[in-house]
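Look at the two complexes coming up: subunit A is in both, with subunit B in one and subunit C in the other.
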Partner chain A sequence: MKVTAQPSADTLTLILDGELDASSAIVLDTELAKPDILEYRKVLVDCAKLSYISSAGLGVFISHLQRFQDAHVKLVFFNMQEKVFNVFEILGLDALMTIVPSATEAEAA
Partner chain B sequence: MKSALRIACSRSHLQQVRDFVRTYLSHRQLPEVAVNQIVLAIDEVVANFIIHANGEDETQFLDLKLDFKEKELNVEIADHGNTIYLPGPHQTPNLRDYIQQGRKGGMGMTLVNRLMDKVEFFTRGNHTVCHLSKHLA
Partner chain C sequence: MPKRLLSFLLPFSLLSWLLLLLSALSHSGAGQWLGDWPQWTTQLTQGAFVLSVFLYYRYQPSPLQGQAFVKLLRRLLLGPGLLALGCVALHLVERLAKDEPIFNSNSLLFTSIYTLNLGLFVIFLARTNYAWRALVLFRSSSRLQREWTVFEVLLGATLLFRLVGVNPPNYIGIPIVVLLGLYGIYLSGHQKWVAYLSQRDKWNAVLLQAGLLFGVLVFVQYFRVTQADPQLIAPRPQYAFLLLTAFFSTFYALMGLLVTFFNMPIADIIEQRRNEILRLQRLTQIIQRGQTSAEVYNILLESAVQTVHAEAAWLDLDPGHAGADVAETSFYYNLVPDQASVLRGLLKGHELAEGEFITNDLNLRPGFGNRPQAFRSLLQLPLRGLHYNYGILHLLKVEPHTFDREDLNILQTFTSQAVLSIENLELVRTSLENQRTQEELKIASQVQDSLIPKNLPTDNWFEISSHSLAAKEVGGDFYDFLHLPGRRLAVIIGDVSGKGVTAAFHMAQMKGIFHSLMQENPLAKTERDKFPVPSRFMTQANTALSHCLEKSSFITSSLYIIDYEQGGFVFARAGHCHTLYYHALREEVFYFESTGLGLGIIRNETYEKHIKNQFYDYSPGDVMVIYTDGIVEARGEGGAEYGEDRLKLRLEETYYQDAEDIKAFILKDLNAFTQGYPIHDDQTLLVIKFKSAQPPL
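Take a look at the complex of A and B:
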């Protein structure tokens, strides 16, 4: 699992590459736990190369969501593969998180 | 076709488990989403055995067996550790509460129960075994 952070003005884009499981979730958790992430207005998560997510990966996002909301930082997922989106859907997380099809829509969200 | 796998109880072996299941299912002409759902259910149970039942003790091991006959997939995951691990009755998590509480865990078995047709944990001697099954059209 590789996480690449691309800052741009008031937006931070995190590019996820690989499989997010109980072994690799710590990499993402470390990135989301950084205090300066709350200085951005938006955190966009590019999921194009995220090929797998387990409950441990979902748990990392869930555990930071309230902190983001309290700091008025919007978390937006985009470019999600169907099989990964399906995992969010099964738990009903697609209704609780902002997931859009493309980068353009993520920037406009 | 390899249908059995033994791994030591380390979360670093989860990738190996997923690759094993994907390879086993790769000749069955199943949709990618269906394959991913099975991979996920097995990954969740294996991760629970590794982390919660065995405390990531790499001297302990798990055996996985897959069997696909007449569109029915049967999975056996046998824990050879000495702790009996039988998850309690399944309760649907309130995800809004999880978000407010900043919880990381507690969703794995919900996924397993929603993804598979049958989920059973039972003891065999001093060990715990999980059996999963799913009908694949």
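Take a look at the complex of A and C:
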């Protein structure tokens, strides 16, 4: 699992690469827990290369959800593979998080 | 040599000595009553006596037991040495009695005593000779053993000459005797046993050997004096065999004495090496006796001090790695903690706190001049482990230039052995702790097992079959049943995110929440409202969980309330896996498509908006398959997931069978799919088959 952060003016793009399981969830948690992340208006998560997400991986996003909402930082997922999207959907997270098909829609969101 | 012959040797030697005495008396003129014996009888009886005594001692068990060299020497001195004393005493008695008129007329007494002394001398030589054999052959090669045998055979040959009365001319006899003497000198060089003597034993050995030499001298002196006596008529001891054995006995004792004596200075070093080995052994044995780390450190300090003769020492341990059973982190020898802390401070101040080194003179080191102690030599050595240093050992001596590289090398062997012991003890302790944890997990597993319903509800309108398997000792999956009034049954299934002990705790919480929320509400207006509908239950459970669930944990769950009277059920899905369903009338297998958010994701009232009830009427023959993601996400070859589609296909093939058979079929297929791959998530599977209330007639 590799997490690459690409900051621009008011947007931070996180590119996830690999399988997000219990061991790699720590890497992502460290990234999301940084205090200055709340200074962005939007955090975009590129899931194109995210091949698998475990419940621990979901737990990382869930644990930061409230914090992002309180700070009015928008969390947007895009380029999500169908298998990964299914996991979000079954848990009901699709209704709670913004998941869009592509980067253009993510930037527009 | 046969035993019978051996027991015969002793009487034989006694007999031959008596004959020798008679023969000597006959020749000396003291025993005219004996008649005139031929000249050769003396030679023959003397030869036979010597032969039998030597043979007797030759076949005695070795006088050397183990490495009891001093004991051997002492017994030799107390035996033959006392013989020598006896010899002197006899001589004195004879001298005193000489002037008495009864004895003066004949040489009866003189000859008797002389013969007796000769016998004693032979016994003395035989015993000494074979004691020396044991020493020469101590830890010897087979070549030396052969050489010894040759020596014996050659000596035996000289004796044989005597026995048959052949006296070779001097120009042949003397060189032979000289050569044999040289051979004896060569054999005397084998003093290996001296190296095995301890320092104290060496002094004993020197004294005992000196005593033996004195014994020989007494005999020799006696024979020299008596030889000149005009009364002496027969038999002379100066023939090759006795000469040679006497020479060998004396020379070996002399050599042994010298070797032992000159061995003294180096004995110290040999002793020291032996002690080092012994201390190392002691250190090694501690592990096997299962002692504590503190004892290992104590023995290390003690051994190190003794080995290099240090005058003071201290051992500082790293508090982080000293070992759990070590109370103090510093050990001192002949040093008060304050003295050590002064030096410790100085060493730290000069960045010498780590590493190994020898300081020959602390006075010459800048900054070390103003110490209160007199110590000038310092040796520092860390206790190096595989991953970290366990501590540092410091040894001190008053005199400068007293430690060397050699000391450091020996001590390194000690410290590595000590570290090995410490690490071993640590390993044993960790494995014990692991064992305990395993035991506790086993208990936890049993407790959790008791939380899973063993007796499935039975009735004539449905069949239920269940399966659950945890990936670790304890898991986060759960399911439960509860009969409600009005012929209703509540079925719950759930999955706590994560695995292991944390998940197991939340699973137990969820079970408690299920049983406490599914209580009758006495204030309810209608019969149906007495128990919460599934969506209401989920909302209340979400509120209850929001206080105790970890921030990054969540629970997925589905609750079904099956109403037999109505022939329908209502359920809510809180983020849990979709329910697989076989519709008997339509002959169709499908997944219920419904929305619902997992528990613990939103921890406020807004959760209510994210959960819905779904109602469904069932008909007899319908099958409901409820499971956790451990089933559909089970991995097989190439990391492929079992998947919802494959599960659906299996139900299409088996919907007509009993619930138990459907479950068994699915599990068999799942096992075939995951064959050889580890389970990475807990698995739960429930199969419910609806039937007609009354079996059709």
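Heads up, the rule we're going with is that the second predicted complex is superposed on the first by the 109 of 109 C-alpha atoms of A that agree within 3 Å, B and C clash if a C-alpha of one lies under 4 Å from a C-alpha of the other, contacts with A are read in each partner's own complex, and residues count from 1 in each chain.
Methods note: contacts are C-beta pairs under 8 Å (C-beta built on N, C-alpha and C of every residue); 3 or more make two chains touch, one makes a residue touch a chain.
Everything numeric here is computed off the predicted structure, so don't read it as measured data.
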item: Chain touching more of subunit A, residue-wise (subunit B, subunit C); value: B
item: Subunit B versus subunit C as contact partner of A:E82, first or second or both or neither; value: first
item: Partner chain(s) touched by A:L96 [first = subunit B, second = subunit C, both, neither]; value: both
item: Which of subunit B and subunit C A:L65 touches, first, second, both or neither; value: both
item: Contacts of A:A22 with subunit B and subunit C, given as first, second, both or neither; value: both
item: First, second, both or neither for A:A56, with subunit B first and subunit C second; value: both
item: Overlap of the subunit B and subunit C footprints on subunit A, listed as residue numbers; value: 22, 55-56, 58-60, 62-63, 65-66, 90-93, 96
item: Residues of subunit A touching subunit C in the complex; value: 22, 29, 55-56, 58-60, 62-63, 65-66, 90-93, 95-96
item: Residues of subunit A touching subunit B in the complex; value: 19, 21-23, 52, 54-56, 58-60, 62-67, 82-84, 86-87, 90-93, 96
item: Residues on subunit C engaged by subunit A in the complex (per definition of touch); value: 497-498, 551-554, 556, 574-578, 595-598, 600-603, 610, 629
item: In the complex with subunit A, residue positions of subunit B that touch it; value: 11-12, 14-15, 18, 32-33, 36-37, 39-40, 43-44, 47, 50-51, 95-96, 98-108, 110-111, 114-115
